[in-house]
Structures are given as C-alpha cells and as structure tokens.
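Chain IDs A, B and C follow the sequence of writing; residue 1 opens each chain.
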Amino acid sequence: MTLQTTETVLAEEPSFAKRMFRMLLADKFALCAAIFLLVILVLAVIGPSWLGDLATKQNLRGRNAAPFDWGRGWVWWMGADALGRPLLARIVVATQNTLMVAAGAVALSAVIGTLLGLVAGFSSPRVNQVIMRLADVIMSFPSLLIAVIVLYILGSSILNLMLVLAITRIPVYLRTTRAEVLEIRERMFVQAARVMGASSRRILFRHILPVVVPTLTTLATLDFAYVMLAESALSFLGIGIQPPEITWGLMISQGRQYLTNAWWLSLWPGLAIILTTMSLNLLSNWLRIALDPVQRWRLEMKGSKNG
Amino acid sequence: MIPPPDSPEGAMLRFIRKRAVASLISLVGLIVMVFFLSRLTGDPAALFLPVEASAEMKQQFRELHGLNDPLLVQFGRYVGNVVTGDFGESLRKARPALDVVLEAFTWTLWLAIVTMTLVTGAAIVVGSLAAFRAGGFFDRLSSVISLVGASVPDFWIAIVAIVVFSVNLAWLPTSGTGSLLHWILPIAVLFIRPFGIIVQVVRGSMIGALSSAYVKTARAKGVKSGPIIFVHALRNAMLPVITVIGDQAASLLNGAVIVETIFGFPGVGKLMIDSILQRDFNVVLAAILVTALAIFLMNLAIDLAYALLDPRIRH
Amino acid sequence: MKRMLVLGALMLGTALSPAFAGSGPIKIVLPEEADLLEPCMATRSNIGRVIMQNISETLTELDVRGDKGVMPRLAEKWEQNADGSWRFHLRQGVKFSDGTTFDAKDVKHSFDRIMSDKNACESRRYFGGMTVTPAVVDDYTIDFKADPVQPILPLLLSLVTIVPEETPLEFVREPIGTGPYKLTDWTPGQQIVLTGRDDYWGAKPEVTEATYLFRADPSVRAAMVQAGEADLSPSISQLDATNPATDFSYLDSETVYLRIDHNIEPLNDVRVRRALNIAIDRQAFLGTLVPDSALLATAIVPPPTLGWNPDVKVFPYDPDGARKLLEEAKADGVKVDTPITIIARSANFPNVTEIMEAIQAQLQEVGFQVELKFVEVAEHEQYYSKPFKEGRGPQIVAAMHDNSKGDPSFSMFFKYATEGTQSGFSDPKVDDLIKRASAAVGEERAKLWSELIAYVHDEVVADVLLFHMVGFSRVAERLDFKPSMATNGTLQLSEIKIK
C-alpha cells in the first residue's frame, strides 16, 4: 500500500489590514461611520485654511439667511448665522477646535481615569479607599467652580479648558474600570496567571485591561458629545475659546435664542455633534467585535442576527 | 444585637464604618479646598453692590460679613459655626445658607430619583433586548435613538417640547411647579441623555455576558433562551451598568441647570451656578456639602450592590 | 315708553360696568427672582420691580411718562429753606400695612437706616460725596440738610423707600410699607404674591392681587403669556416680539458703550480714539443686531434726561477718515499697531457676542489690531472699575449703563470724573463742569450738563458711545398697560388697567 503524500496546502490567511477592511465592508453602518469620521478628520486639518476667510466675512444685511437656498453658492446651503456668515463654512472651520478640545479632554480623562481605576481595583484596600474617596471629591466639586478657580489661578487658555473638562470626567472612567477590575480579578485566568508568577503589572495590562477596554470605548465615545457641549458653557466664562474662534458647541449656544425662528443656527452644529458621536460609537462597537477573536465570526460571515 | 464580627453582617457593618470615616475625611478635605480656593476668585462686595458703589461702601459690606479678616480666622469661625449646625448666611439672600440649599435640593432630589428610576428600568429593558439580537433591526433602531439622545443639546428638546406641547397643543403647562402635569416635560427632557448612555452600556455589557462560556453551556444543556438566561447574563453585566447609573445620578444630583432654568424648577443646579457667579461663598459651600453627602451615600450603596451582585467581590 | 325704559336700563348697565369689569388678580413673569424683599434695596432693579411704589413708597416720584418732573407721593409739597436745606410737608392720614401711622419720624428712621453701616443698603450709594442730615420739625414736616447743598434733593428722595420707625437695622423679610399692596406670600424660587390693601391712602388700583413668577429663559416667558399662564412679561426677547397686539417696545434707559482706558498707549492719543469712533458703522446695527427702534447714543444718558444735548451729532461712519487719522498718529510715533483688547461681559445684553464681533471686524478693517475677550460678571467688574491692573495693555471695556433718574449727575461723576470709579481718564475741565453742574439749578443746570456732554463727546472723545437700548414686553390683551423707561426698576401695579 502506498502512502499518498498529498501536499496539504494551508489556506493563507490574509493580512491584518485586509481582514479588518473586509470586516468593515461587511458592516455597512460601521463603514459609513468610518467614512464620515475620515471626512471630519480631513476637515479638521484643512478646514481653517480652506474656508477660514469665508467663515469670518460678516454681512449684517444677510444675517440669519434661510438654508436650502440653491440660488447662491454651495457654501450657503446651510444658511447664514447672525452675522451673515455662511454656516457650512463656519462648521467646517470649527471642526478643528472642536475635535482638538474634545479629543484632548476625553483622551486625558480616559487615560488618567483608567490608570487610577486599574490601580484602585487591583491594589490594597487602603490604596483603593484613597483613590475612591478622591473620585468622590471630584464628583462633588461642581465643574463650574473648578473652571472659575482654574481661570483665576492659571489664566484662560485652551489647554486649561481641556484640563477643566478632563478633571470633571475622570471619575467616570475611574469607577467603571475599578468595577470591572474587581470582578475580573477573581476570574480563573487571572488566578492562573498569578499562580504562574506573572507580575501585577503584566496581569493588569496584558490580561485585565483588554477586557475593560470595550466598555471604556463606549463611554469615551459618548463622552465626546458631553465634552463638546460642556465646552461652550465654559467659554461663556472667558476660559478657553473666545470669539471669533469657534466650536460647534459655541455655535449651538449662540443659536439658542433663535431656536424658534432661525432654527438652522443651532441645528447644523447640533447635527454635526450627533453624527460624530454616532459614528464614533458605531465604529467602536464594530471594533469591539472585529478585535475579539471569539466574536468576529459575525462579521466574517457577513453578519448574522443571532448570537 | 450587634452581629458578630466575622459574620457577613458584621463584615458589612465594618465596611460601612470604615467607609464613613474615609468619607468624613474626604468631606473635610472638600470643605477646606472649596473654602480657600473660592475666596481667591473675586470679591462678593463688588458683585452685591452696583458698579457705582464707592470703595468705602464695599469695605463696609466686607466688614459686615467678616470678609476682611485673615482667611484662617474666617475658616476657624466657619468651622466653629458648622459644628453647631450653622452654615453661615447667604451673602445674597440674607437667609441661612443651609435653608436655601435644602429647599433647592429637595426639588433636585425628587427630579433625580424619578428620572433615574424611569431611566434604569427603561434602559435595562431596551439595552438587553438590543443585545439579544445584536445587529438586528431593534438593535440598530435603539442604537440610533439612544445615541441621538446622548448627544443632543438639552435646551433644544426643552424649548421645542414647550412650543409643541404647551403653546401649540396646550396639553401641558409651559413651566413651573404647580401640579403633577408640570413634572412631565422636565422629567422627559432629563430622561433622554442618561437613557441614551445607559442603553449603550447595557447593550455592550450584555453582548459580552450573553456570549460568555456559562451562557453557552446553559444553552447547550437545553435551557431555552428566555428569562433564565436573561437574568443570569444581566446579573453579570450589571457591574459597569450600575457604575454608570451612579455617575449619571451624581450628575443629576449636582443639579440639571438647563431644565431648572427653562422650566423654573428652583433646584440646586441653578442655585449653584448663580452662587458661584455671585461669589456667595456660604451657599456654595453648603450646596457642595449637601450634594457631596448625597453622592457619598449613593456610592456606598453602589459598592454594597457590587458585593451583592457578584459574591466573588470582596472589599 | 317701554323701549325708553329698556334703553335707559341698557345705558345704565353700560355706565355701571366699567366700575366692575376692570378688577382682579394678574400674574407677572419676571426674568430673575428678587432674592431679597428689603425696602432699602429697592433701588436694585430686580427688587424694585416688585417693591417700588407697590409695597413701599417714597416721598417723591419722578414722572417718567410725562414731563411733570418730580411729583408728590408721600410728601405733598416741599420748598428750599434759606440755608439751602429742603423742607418736606408730608401727607397726613397715611397708614402702613401693619396699621401704624406714617409720620416724619418714620422718614427720619428710613433715611438713617439706609445710611447705617450695620447693613448693606444699596440706596446709600446715591448719597455718596455729601452729608445729608434729616431733622424732624413736627409730625408732618421734616427738613433735609445737605452739605454741599443739593439742588436735586427732592429727586434723590424718590430713591428712599419709607419704612416704619420700628424696623430693625438688619434686612427684613417682611417688608411693611405705605403702598397699595402688602406681601402675602413669598415662596423663594417660585413666587411672590402681593395683595391689595383696603386702608391705602390713594385710589384703589384695578389689580387686586399680583403673583410674580420667575423664568430665566426669554422664550418661556413669552410662551407663558401666549398660553395664558401669565398676563404680563416686562422683558421678552426681540425675536419673540412678533405679535403687535400684545408686544411693545420701549426705550429702557440702558446705554451700551465702550469705555476707553486713556492711560495706555495708543489709546491716550485723541486721534486714535476718534478713529475708533468713526470706524464703526453704527447705523448698520439698527434693525440687524440691535432693534431698529434703538437710538444711536451721543451721551451716556438717554434723551429724556435733563441736559441731553441735541446739538451733539453722532460720529459719521468714515473708514477712510479713520485710516488717515491712524496714519497721522503713526507718523508721530504713536504705536497704533499694539493689540487692543475689548473686554465684554457674556450675556450682558442680547446679541452682545455678535455685536462685539462685528465691531472687531469693522475696527480691523481700518487697521486696528483688536482682540476680543468675553468674561463673566465678577471678572468684568474687575476690568471695569478701579483699581485697574498694573502692566495692562490697551483695553476697552464694553459695558451697559442705566440711568432712568432724569438727571445726569447719577452718571457723570462715576464715568467721567477723575475720581470716578469707572472713569478711564482725568480732565480738570470735566471735573469742574461736573462740580458746577451738580450745584446748579434749573436752566443753568441743564446748560452746564449740555456743555459737559458736548465736551466729553467732541473734544475729549472719552469713549465710544453706541446705543440707547430698547426692551420688549408682552402684555396680555385683557390688560391695558404700556411699559415706560422706568419699568425695568419700577413696575407700578396701579398703572395696570384691566379691560
């Protein structure tokens, strides 16, 4: 009997990037979200230099011009603001400041909050107590007061604006991370790693953190919206963005008085915030599934409904 | 009878006692920080009196309220008074600061409790259903709705709701606090953002819980999808969920400024903002203390809930 | 015959009905709560709106709707004595709402209380720079001696609310006054209720009870009147004032201006200040960012004020002229390129952000470097009032000034005198004019104020005066009421008629 030697050819797995791209195509919503975010990012980079002049040219006679006026240029499609400046141009130019402040504040608070949460959840009860009581204090300190104090002591600047916004959001990440850590550290695989002699740091970052990340990204993407809106309340105080600099949040609050008769002033920037938040969230939900070896079959099989 | 120290009840009491001490320390830290830092930020005399008041009048005002004494002296006086239950007088309203704050906090507390109860119930149901059929139509729909809710500016909804429901349809009153009907719009507006956020967190957690090993095992063993799976998965998904519920509740306890301003509910949010802008230090301090106490208690309840939900967790 | 009787009865019926038709309770919605109801704080507008002439009355009253000047209220007549002091003859038969009789001792106590250092009464600031001593002559006569002699003392006394002599020096929460109403309910944060008194000395007002509600959002206030939840809102936004049957605009005695700090280069050069003024197209704001019924300002006080000078012309819009002035100044070595900061208060008045941005753009057109800074009340006050910070750059403060008292003396000292708390410059001629005008009477007084207004506007170019603002109110159709310039600080319920 002769042995049939067949050359078993292993299927070639496509590269990581290709795989991700295919999974992205599988989820139409996430694809749209990714495209939208890419556009926003591009606008954030080129916005001020591209439409900066158009966005600042005032025309008192043309104030509050209604949208959907096809007669004028495409810039006027969204209508004009209270000083006659085209809203579309304003929103595009505002993208840079908005994203900078929001991304900065969210990143800062997420990183610091997560680190503190990891430490609180995994260390001794005493360290846990100290960190948690610190979080309680921050939660009880009104953000307005923090803003006023920072304003008076450190002065007004965009960095200080990010600082104030970040401080107020730290407890959210801190407490969520700690809650997850408290639960995960009792799980089998953590016990196993400990028995095998893995250091605390390794366990935290290699084993526990990846489990916590999905919830954190959900929170972070939702936080974006909150920060974008909260920032306008602080600029009112003189801390951070001052006119004629503009952000979406500021456009919304300036349009507040016109809500019943020139609703477009508040609508478009509000829509921008909503769409950005939705895109970030849809993309993060997709990412959570795509990066999880247990879950990603849903996308690879072109998505199914039941789990 | 005091439970024996090594029983579960005894452990809980020990935990609560240690917590109370730690919270007291942080409350004191909070008072010290706010007391000294806020006094660095401006002169209440200049805000109470009109711009045309003379420097002498402002000096007189400060004398009257003891603001000219050195900070440490003022602090000592304040602490001495607090121990007897006197939180000082509002510079602006000439009334005990604690009275002012407690009146306002009652409104805020009610708004927070009702809203968070409704939110918790609705969000858990919607989020779990969405997770059950992840990727399906209900999931997509509820995601869109909750994401819009989490990112829409609240004054939009408030003013549009007033225009539609009060002015045009005349179903509900525009604002104010008279009857039960007056609470509908404010709570509806307050409901939206926490609902959006918690739905997303529940959904995310439940997806993870539903695909975990023990659920798969249960299914494989023939337990039909339904209440049992649901309850077990939910229980394990709840940890991050109740944390976020706590955070949202804390922000409601700090006051919902937009809703209070637009609907005329005299809650602690608007009081805090006005007092900070007017440098009414005693009211600011009293308000922070009252809300801090509420938040500390709530966090204690949440930590106890962790232990209840997941017996593996020890504090 | 029968027809005559029926006609007669009908006519009698219609003749009688006005007496019964117009009377009842009303609801008023205000933008901010009165956190105090202390009579000596009634000169602050959010408190005066509720108290002034409703609960507490004053000896005299300024006629804001006509030109009768200072009218009698609790004082029937007054004259100036030989030594310059004023003698007031008080009305008799007046009772406070707690039943006690009104007499000269109450007046003396009210005044002493305001000037006392045991409380923080706001009305005291109107008597700065002078010593006023009340002296009771008899039960219904009282002398006020002022040093220096005050020709406008009767006007000043329209700011002093009268309280019973038993009132303690500390602030009270239950104001007792001689006015047509008494306070019957105060739920802080929610409502204040005033109910008519039966033992009021004057004519019984048609409004029997007034409930004051508070809503910070202007669209909600307008919506409440529209929905019938309130009858009157003295202040709504221009955008909501779309119904001519219920919405009225009125000059509200607020003047928006840019206070220039003359101490720092380049603002110390009059050419630069003049350039600032002619670079701004004030006319373009009317009907766009500012209601078109607003007036362009040539003085810090509005037109009905004594001494307002009709000969002072608004600066023309001349951007080329402004550029020329700047070049001239630059040629002389003035550093016109230094960035100038305009400091404005957020939410100070409607469209403040847009107005300041537009002004910034107009100034930059002619070559100024302008930065904008929006700050909250406390910080704004620090820039606006002395002492000014050392090492500051050139600054312009955008502010709003209110004078509904009919006489410029309430404004001129603070805004233009060397010692004035908000004054950005020092000019001996200005100080002299202020001093002389404050001491003058009648024609002479008006002439001196006019001279000062012209000098400050045309020669010194002290600031950039912008607009006299208008406010908008919504009045339900069942009420008959037109707001006046004083409505912001005095909302007399007796002026409101019910149809």
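Everything that follows uses one rule, which is that a residue touches a chain if its C-beta (ideal position, glycine included) is under 8 Å from a C-beta of that chain, and two chains touch if they have at least 3 such contacts.
Note that the structure is predicted; figures quoted are calculated from it, not measured.
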{"item": "Chain contact graph, described as a line, ring, star, complete graph or other shape", "value": "complete"}
{"item": "Far-end chain from chain C, centres as C-alpha averages", "value": "A"}
{"item": "Innermost chain, taking as reference the mean of every protein Cα atom displayed", "value": "B"}
{"item": "Computed distance of Cα centres, chain B from chain A, in Å", "value": "23"}
{"item": "Distance from the mean Cα position of chain C to that of chain A, given in whole angstrom", "value": "48"}
{"item": "For chain B paired with chain C, centre-to-centre distance based on mean C-alpha positions, whole Å", "value": "40"}
{"item": "Chain B: positions in contact with at least two other chains", "value": "41-42, 159, 163"}
{"item": "Residues of chain A engaged with two or more neighbouring chains", "value": "148, 151, 259-260"}
{"item": "For chain C, residues that touch 2 or more chains besides their own", "value": "219, 376, 379"}
{"item": "Chain A to chain C touching residues, read off their complex", "value": "56, 58, 60-61, 63, 82-83, 148, 151, 156, 235-238, 242-244, 254, 257-261"}
{"item": "In the complex with chain C, residue positions of chain B that touch it", "value": "41-43, 46-57, 60-61, 63-64, 92-95, 100, 103-104, 159, 162-163, 166-167, 170, 173-177, 261-264, 266, 270, 277-279"}
{"item": "Footprint of chain B on chain A - complex, ascending", "value": "29, 125, 128-129, 132-134, 136-137, 139-142, 144-145, 148-149, 151-153, 171-172, 175-176, 179-180, 182-183, 186, 214-215, 218-219, 222, 224-226, 229, 252, 256, 259-260, 266, 270, 273-274, 276-278, 281-282, 285, 288, 294-295, 298, 303-307"}
{"item": "Sites on chain C touched by chain A in the complex", "value": "218-219, 237, 239-240, 284-285, 288-289, 346-347, 350-351, 353-354, 356-358, 360-361, 371-376, 379"}
{"item": "Sites on chain C touched by chain B in the complex", "value": "35-36, 38, 44, 117-120, 122, 124-125, 128, 170-171, 173, 188-190, 213-217, 219-220, 223-224, 226-227, 229, 376-379, 381-382, 384-385, 410, 414, 421-422"}
